[in-house]
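Structures given as structure tokens follow.
The following pair of complexes shares a single chain, chain A, combined with chain B in the former and chain C in the latter.
Let's look at the complex of A and B:
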């Protein structure tokens, strides 16, 4: 066993050992080998020693600590410098994943990278047996019996969807974020908050669009001006208005929300959906091929779309501050008209 | 769900159709009056006066022009926006103050949260029981924050979910003898309820104005009616004056026992231990079980017949 150390195979190892690895240098003592400890001599600069050393020791906090100690005059100064340097010891973890970060500070659409999508696991599809062949154009390949979604396609479709959200927001549309799976609540609420949109994180009540008067009739609405300030003098005109419909629906789990998407289709409401390899991409207007089973993935996508909506809202309010609107505002006369007949209140009698 | 539509909105609607801004002329008041009188679709149209147009509003400035109709709450499409807004607000509070020290549930101040029906009135939406329970859970967690470090924000929010009048604030005072030296006690057993006035005396007993023997024919009932006095050897120290209503003889006798024991405790609180051991102040909460459909009695099933 001992003899093997001198064999051909181990000689490379030995060579490697003779090299000073940076990690071992880091834990080397500040005192160069063979030299005595000379902390009392102020003329003795530590720098020449460091420069003489092939290993970059300046980064070593221990060295700095020792040198600072040697420079300090009084014991109090010494203590202070020792303390300040001591806290620099240890490691600082840089690239770590904080699950809350994606909720707290979602990335902008312009910051989307394939690495980000990969890290969030958006590329993982379903078992190949469960696929919907309509998704074949989004699929990169198969790995261990699971379809892998092509990330460049995901990124492209995500950017397109983000543009749609931004433009709808800039035109004053109502954007509804729907994610009814367990755990999607916070992502949905955050996205709606950013985009000044609306959220659904519990069951979509079937008929909310097709039978809105019955289901949403009692929910409060308000008239706002272009600057989003509430105009309370029109409150009375809202009484017999039909319930509102969203102008764009973002659905994080289209598989469970077939009814929602169907109602949107009946009402000509465009939809954006996260389409996994087992979902039907034709159910939504703007599919985003991605993994919809990972909360991290859907959270990322919702956050990005929320940021897009935020940008659109900023743009709209900026234009409004200049006295312009990108959409046709509802006029006071229209508000006063009967929404069903288009006549003024009591106007039917006048007409006859 | 149209019934849930707030009356306010309907009222506003009728207001819009009727009471428009009135000029000071007498004519307009007459018109308003005419419109207030009810008209029917079967009446001739000519008799109806057309509704006057709304007064012009000055929309000179950009900011006073309406632009959009939007929902009041981001949870509009959920169908119960107010409830969801409350839940989200409470959850954000809970997350914000999650690090504050808490006390165990028993030491937290007792709070009387809205009952479900009251909460439904409060939010104006038909909230299911299960969802309200989950909201109360958050309230209870917030309430468990150590009382001396509770933020004002949390206190205010919790306060808005309390039912009016704090039922836990009233401390029931210990009963005392009245000016005539009488102690009053109430007791119930089965369907009977008894009120006993106990006064110091020579052991006279009047139950519904009758003597003990007249009131209770069975010796066992007589024994049990005065059991509280007997077990404490106070038979000849107090006079009992009882009113007992409802139920049968046994129930009445045992209701008198409980009422007497309670009244005796007002005179001599030190007897509580003895009375407890003797079973005189233990409430027997059993009642007759109701009969169920499909059963002969409460639980008895009809005899099984093959066909």
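Let's look at the complex of A and C:
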């Protein structure tokens, strides 16, 4: 059928014939528009417009094209409909890799598989000459002069770390996600968003924990209740409090953040870190042996930990709605006490 | 000790009750707790020598600080870290030992049905050095040798573009190497290697070279088909009016001829100058050197004047 039509078009007689000028598409009422117009009654509530196909789609686009051509009357209409159907020809690629997907929709800790970790490249370590022998436990073997991290160990440690994040989130702890390498910004922010935590994607300012009053003194602090609603009446009591300290620090690149981890050690804060074969695993409380140089790998790990934090937050808020807490809440009187002397407001004056 | 085993190197090998331990990181459980109480974490670090265990002992530190009255409240995470103890980072284990295993189908004399035979690489006669006990071992697979052989014979196969990305990591599930073409995989050297391996594993009494020849022949045939397809597509497109522009060879030839044209112009100019010089010198052969310099200067001054 197609061959015959092409033959007709190419014939000299057809070329010699006088043709009508092509009709512009916007004047052509025969072509169906994309969305069906649904009349909305002013008295009724606005209903969601159901976008159902008015014409059931034929499986083979060629058949569809031919039927549309036979319906069209003028040559211009035929040409127009042929052009519109032409773009539907061919295949549609479904299962293609989208690098954004891992950022937009990170997997849950229960969905972690070894294939997923392998595809993200978490198993690739460093050159054998650069290894830290303390990591020998996590190394599966040597391939082409590069240490290969054992994927099942990575998965086990990742799940353990995810459990910690979830439990700390469920107890209302402050979680800080730190990833200061180039390109880790979005992953870190996304993880912090999910876990309702905090993030650092630029340099860790040394002394932010040990000298917090000087460095973070101007930052805003809030008192919230169990349902995360801000209680503004306590604003005055927050005036001379020491700066807040995180309850858990997740570090995606411990090699560059030695100072952060050292300060966490001094302030007794548990830490989770992605430990490559050249990093020191004793710097963090919960190491996750994985490749910290691949953005996809760190993105995946940050996303999984973020999801774990999200689950913990959901659990905490659900319990709070029922009037329960997994932690011992601080009372209003306790909050009003002087942070340094432990006396009620104006207590020192009365003492004198 | 809170379930933490902190012996390095090799607590299991040397025994926990070994008193003469060279490194000062070894300590008895009873004294260690007192150490934490007495020393601040900074001093503790120094006392420990090289390895810093502060991060691993956050819970103990928090508990002791609370017990001694340094902190008025236990942190929220204390029971979490108690329930999920930190990893046994410093315990060394023997790394997995990898051996090269080959699978073959062989007909054993006296039987009709071929049997699957596994051949393991021989162990080295000289045992490993004791210091290498805890070192990771090289990963070896049978394909490695096949791959080396193929790419040694076809080095230009390495120059072809290749997809290294895996979206799910489950691509291998769709592959069936009983045939060389795979859905979603471009035909390349790796196809030959995997096909050859499949033949070696599944065809009875096949030799390596026979399997290589079979896989290679299939590969060559498909490559030829690809070439023909590409040529026909180009011809078809050209028949419908496509223009592909000049080829790389044409561009190269054009650039070369441009350079030749430039040279011709330069050479003509040089020949003219030399001819003028020869004409000027023909009258007075004794004053050749001075005249030459003068002539060049005169030329230059003329050029400046014309500019």
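Definition applied: the second predicted complex is superposed on the first by the 257 of 352 C-alpha atoms of A that agree within 3 Å, B and C clash if a C-alpha of one lies under 4 Å from a C-alpha of the other, contacts with A are read in each partner's own complex, and residues count from 1 in each chain.
Everything below uses one rule, namely that a residue touches a chain if its C-beta (ideal position, glycine included) is under 8 Å from a C-beta of that chain, and two chains touch if they have at least 3 such contacts.
Just so you know, these numbers come straight off a predicted model, no measurement behind them.
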(request) After lining both complexes up on chain A, report clash or fit for chain B versus chain C. (result) fit
(request) Go through the superposed model and pick first if A:172 touches only chain B, second if only chain C, both, or neither. (result) both
(request) May I ask you to decide whether A:89 touches chain B, chain C, both, or neither, giving the answer as first, second, both or neither? (result) neither
(message) With both complexes overlaid on chain A, does A:215 touch chain B (first), chain C (second), both or neither?
(response) first
(message) By the touch definition at the top of the document, which applies to A:343: first (chain B), second (chain C), both, or neither?
(response) neither
(request) In the overlay, answer first, second, both or neither for which of chain B and chain C A:236 touches. (result) first
(message) Applying the document's definition of touch, where does A:200 land relative to chain B and chain C: first, second, both, or neither?
(response) first
(request) Considering only C-alpha atoms, give the closest distance between chain B and chain C in the superposition, rounded to the nearest Å. (result) 12
(request) Take the contacts of chain A with chain B and those with chain C, and give the residues found in both. (result) 172, 327
(message) Quick check: in the complex, which residue numbers of chain B touch chain A?
(response) 1-2, 4-6, 9-10, 12-13, 15-17, 45, 48, 50-51, 53-54, 57, 59, 62-79, 81, 84, 88, 124-125
(message) Under the stated contact criterion, what part of chain A meets chain C in this complex?
(response) 95-97, 113-119, 128, 133-134, 136-137, 139-143, 147-148, 150, 157, 160, 163-164, 167-168, 171-173, 247-248, 261, 264-266, 268-271, 281-287, 327, 342
(request) Show which residues of chain C lie in contact with chain A when the two form their complex. (result) 8, 41-42, 45, 51-56, 58-59, 61-62, 65, 72, 75-77, 80-81, 83-84, 86-93, 95-96, 98, 134-139, 165-170
(message) Which residues of chain A touch chain B once you look at their complex with the stated criterion?
(response) 172, 174, 176, 189, 192-193, 197-202, 204-205, 208, 213-227, 229, 231, 233-241, 244, 246, 320, 323, 325, 327, 329-332, 335-336, 344-347, 349-350, 352
